[in-house]
Amino acid sequence: MRLLQYVSLFIAITLVSFTSMQQKQKVVFFGDSITAAGVSPTGYITVLGSLMAQKGLKDQYELAGAGIGGNKVYDLYLRMEDDVLAKNPTTVVIWIGVNDVWHKKGGTGTDAPKFEQFYNAIIRKLQAKDIKVILCTPATIGEKTDFSNEQDGDLNKYANIVRAVAVKNNCPLVDLRKTFLAYNLANNPENKEKGILTADGVHLNDKGNALVADEMLKVLVK
Amino acid sequence: MRLLQYVSLFIAITLVSFTSMQQKQKVVFFGDSITAAGVSPTGYITVLGSLMAQKGLKDQYELAGAGIGGNKVYDLYLRMEDDVLAKNPTTVVIWIGVNDVWHKKGGTGTDAPKFEQFYNAIIRKLQAKDIKVILCTPATIGEKTDFSNEQDGDLNKYANIVRAVAVKNNCPLVDLRKTFLAYNLANNPENKEKGILTADGVHLNDKGNALVADEMLKVLVK
Amino acid sequence: MRLLQYVSLFIAITLVSFTSMQQKQKVVFFGDSITAAGVSPTGYITVLGSLMAQKGLKDQYELAGAGIGGNKVYDLYLRMEDDVLAKNPTTVVIWIGVNDVWHKKGGTGTDAPKFEQFYNAIIRKLQAKDIKVILCTPATIGEKTDFSNEQDGDLNKYANIVRAVAVKNNCPLVDLRKTFLAYNLANNPENKEKGILTADGVHLNDKGNALVADEMLKVLVK
Amino acid sequence: MRLLQYVSLFIAITLVSFTSMQQKQKVVFFGDSITAAGVSPTGYITVLGSLMAQKGLKDQYELAGAGIGGNKVYDLYLRMEDDVLAKNPTTVVIWIGVNDVWHKKGGTGTDAPKFEQFYNAIIRKLQAKDIKVILCTPATIGEKTDFSNEQDGDLNKYANIVRAVAVKNNCPLVDLRKTFLAYNLANNPENKEKGILTADGVHLNDKGNALVADEMLKVLVK
């Protein structure tokens, strides 16, 4: 009977290992300069990796950054094959939109209908390969809390588009726009333009990276 | 003889008061296409005139429009002498700012610091002639209530500038931006882009004209 | 002898089929609203078809339009598979760039480096399938001949990019910008803004369609 | 007879002095950052002063700068009284337009019809005080000679407006746009973007300052 017990244990362990191996998720973060900075020692992807390690999830997640400065939604579409699919991800977290709005000031932003069209096209290609796609709303261009950041209205419009695209494609959503607004309303009583969650109104400081990592964790690990 | 002196004084004071009471106020509304439309049969200036007549104030106020389509703050400065001072007003109501923000989309809006600089210069010239100057915040570019009208943030920024300019120059303020936002939050549950207080997101419909006339009345007649 | 006759016939038929198969070119015109209008009864693609028929080339060329209004270079990249590759073309004529420049006025044009990047990406994908790729420079936004059309400088810059991309990728070039400038210098002595080769400064009138068809013919049929 | 001689001499000297006093011209250069830099040790106004001194004209001309960085035509209108009229000039040289075009890229340029309207208003006010007004066309935004500087077309358009305004108001013209284009065609064979007459495509280097001083001299001293 002992042999049978050993065999049973061996089978059980093997099954668990195998299951765990199967569960190992490869997560690629796909975005712009904010995500490019995410893999730096203090970046949100690095922080998220530490949080996962603390929770003993280190073996279950492999995190990789795919952010390039200045990227808009159509840039993601262009480089999706080389920079994302080539990494064989199980999950892709898309965080894009700030430059699509911001660059309108210099004449080269993205029309709202085309923003939606390219976003849908990216998701369709990823989902066709059974990749789980998680979306994020663009967080902030200016941190003033009285709604007087120059592009607040347009950023809200594009955040609304991302929310609708998430629903339509059945994607989990990390609503960073909402999170950032709530955090700022509570923590920016002086109506500052930057310095609360960002260094310059757009790019994350340490608190911003911590907050984003927390929000990502909630959606990635359930 | 002392009695006669008192009587004389009384008569003098009465006359002065009477004259002052009777002194008709000439109010010039100085602005853009919204004000140009204000003198139409259903425009806010016409409606305001009717409200005054109903209150028996017809003899005390003379209202005149000085609005030109497409005007920005610096256009007001350019034509102030011909179109406002030449009318010898006692009061000037300035309502400008929508085009300074809106035209940025076509490349020819107004920088915020210059908006403030020209606004102050207009007020200074009018006040130097003992004209009472009343300011209005720009009301709306799009009526959506979830803060996703493309230029909401910038319009709020310019409304903030007008508020600060009013305080600095000791001018009464008709805060139409605030009034419109409050009215829309209460009356635009479907988050429509237009049709609540405006015909097209910017220019007033009948309800808009009525609301503006009410608000103007409150500040003009105290 | 009968066998020989059959064999001869078989060889003849095979040769004819083979030749015809080799000679028949499927040309897809890939572009924006100018190309969308190209398939109308007076459009440049229709005119080009007539010219080919007159030359007895009707059986050697099949022409198809793939133009969509408002398209920029990245829109072509997005729909290349559905709208071009699905048609199995032997030749693709790309004519894009006007909206990439024009839409800068409304805030949503295309950065020059990204224009080049997407253009190269399209060509690479087409050439990888052994499709012959022919490029066209963007022709005109305004027909004034004293170089005072508002976007002349930027359009020349993007035409330069297309010329360089053609050289780099070894593609034949239809230099419509050059052709249009030369035609206008000779035929627009009054420095008119439109009405020479275009109806509105951008979209072709009959003379414009004829001129473009001529230029396309020169490059397609050698 | 001696008395008569003395008297004659006295009269002659007086007349000469009087004439010379009458001839002394006060020239104010009214413009943007290019003119603000014009009074630096190597600036075009300083160079022009030296050229005049070399020609023995030092006593006949007094030169003063009134340039402020970032100024557009309406900024000149705003500060004309304080910065120009207060100096009691006999001649005003207006050189404006680069920012009116350039700032369109950031959303706050000047509409062409308003550019003309403000320009005319400035001239009218100066001429009403018997001040001689000399106009200059905006010189350059980028020095490439193949007409591919992004804003070449629009700058040519605004230069055309200045030329027409000069004719209409009977003002001498320093056609710097024309001068700069001709100089560059002859001296910029490599099609460089800057470094020929400017340091950065807009602001003058030593050669630019020398060329402008030469052109100004031709029109001021006849």
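Note that the chains take the letters A, B, C and D in the order they are written out, and that residue 1 is the start of every chain.
Methods note: contacts are C-beta pairs under 8 Å (C-beta built on N, C-alpha and C of every residue); 3 or more make two chains touch, one makes a residue touch a chain.
According to UniProt, the chain labels map to these proteins: A, B, C, D = SGNH hydrolase-type esterase domain-containing protein.
No experiment lies behind these values; they were computed from the predicted model shown.
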With contacts counted as defined, which of the two, A-D or A-B, has more C-beta pairs across the interface? A-B
Based on the averaged CA atom positions, which chain is farthest from chain C? B
Taking each chain's centre as the mean position of its Cα atoms, how many Å separate chain A from chain B? 47
Approximately how many whole Å separate the CA-defined centres of chain B and chain D? 40
Distance between chain centroids, defined by C-alpha means - chain A, chain D (Å): 55
Residue numbers in chain C touching two or more further chains are 105, 107
With touch defined as at the start, can you tell me which chain C residues reach chain D in the complex? 142, 146-157, 159-160
Within their complex, state which residues of chain C touch chain B. 105-107
Provide the residue numbers of chain D that touch chain B in the complex, in ascending order. 74-75, 77-78, 103-105, 107-111, 114, 117-118, 121
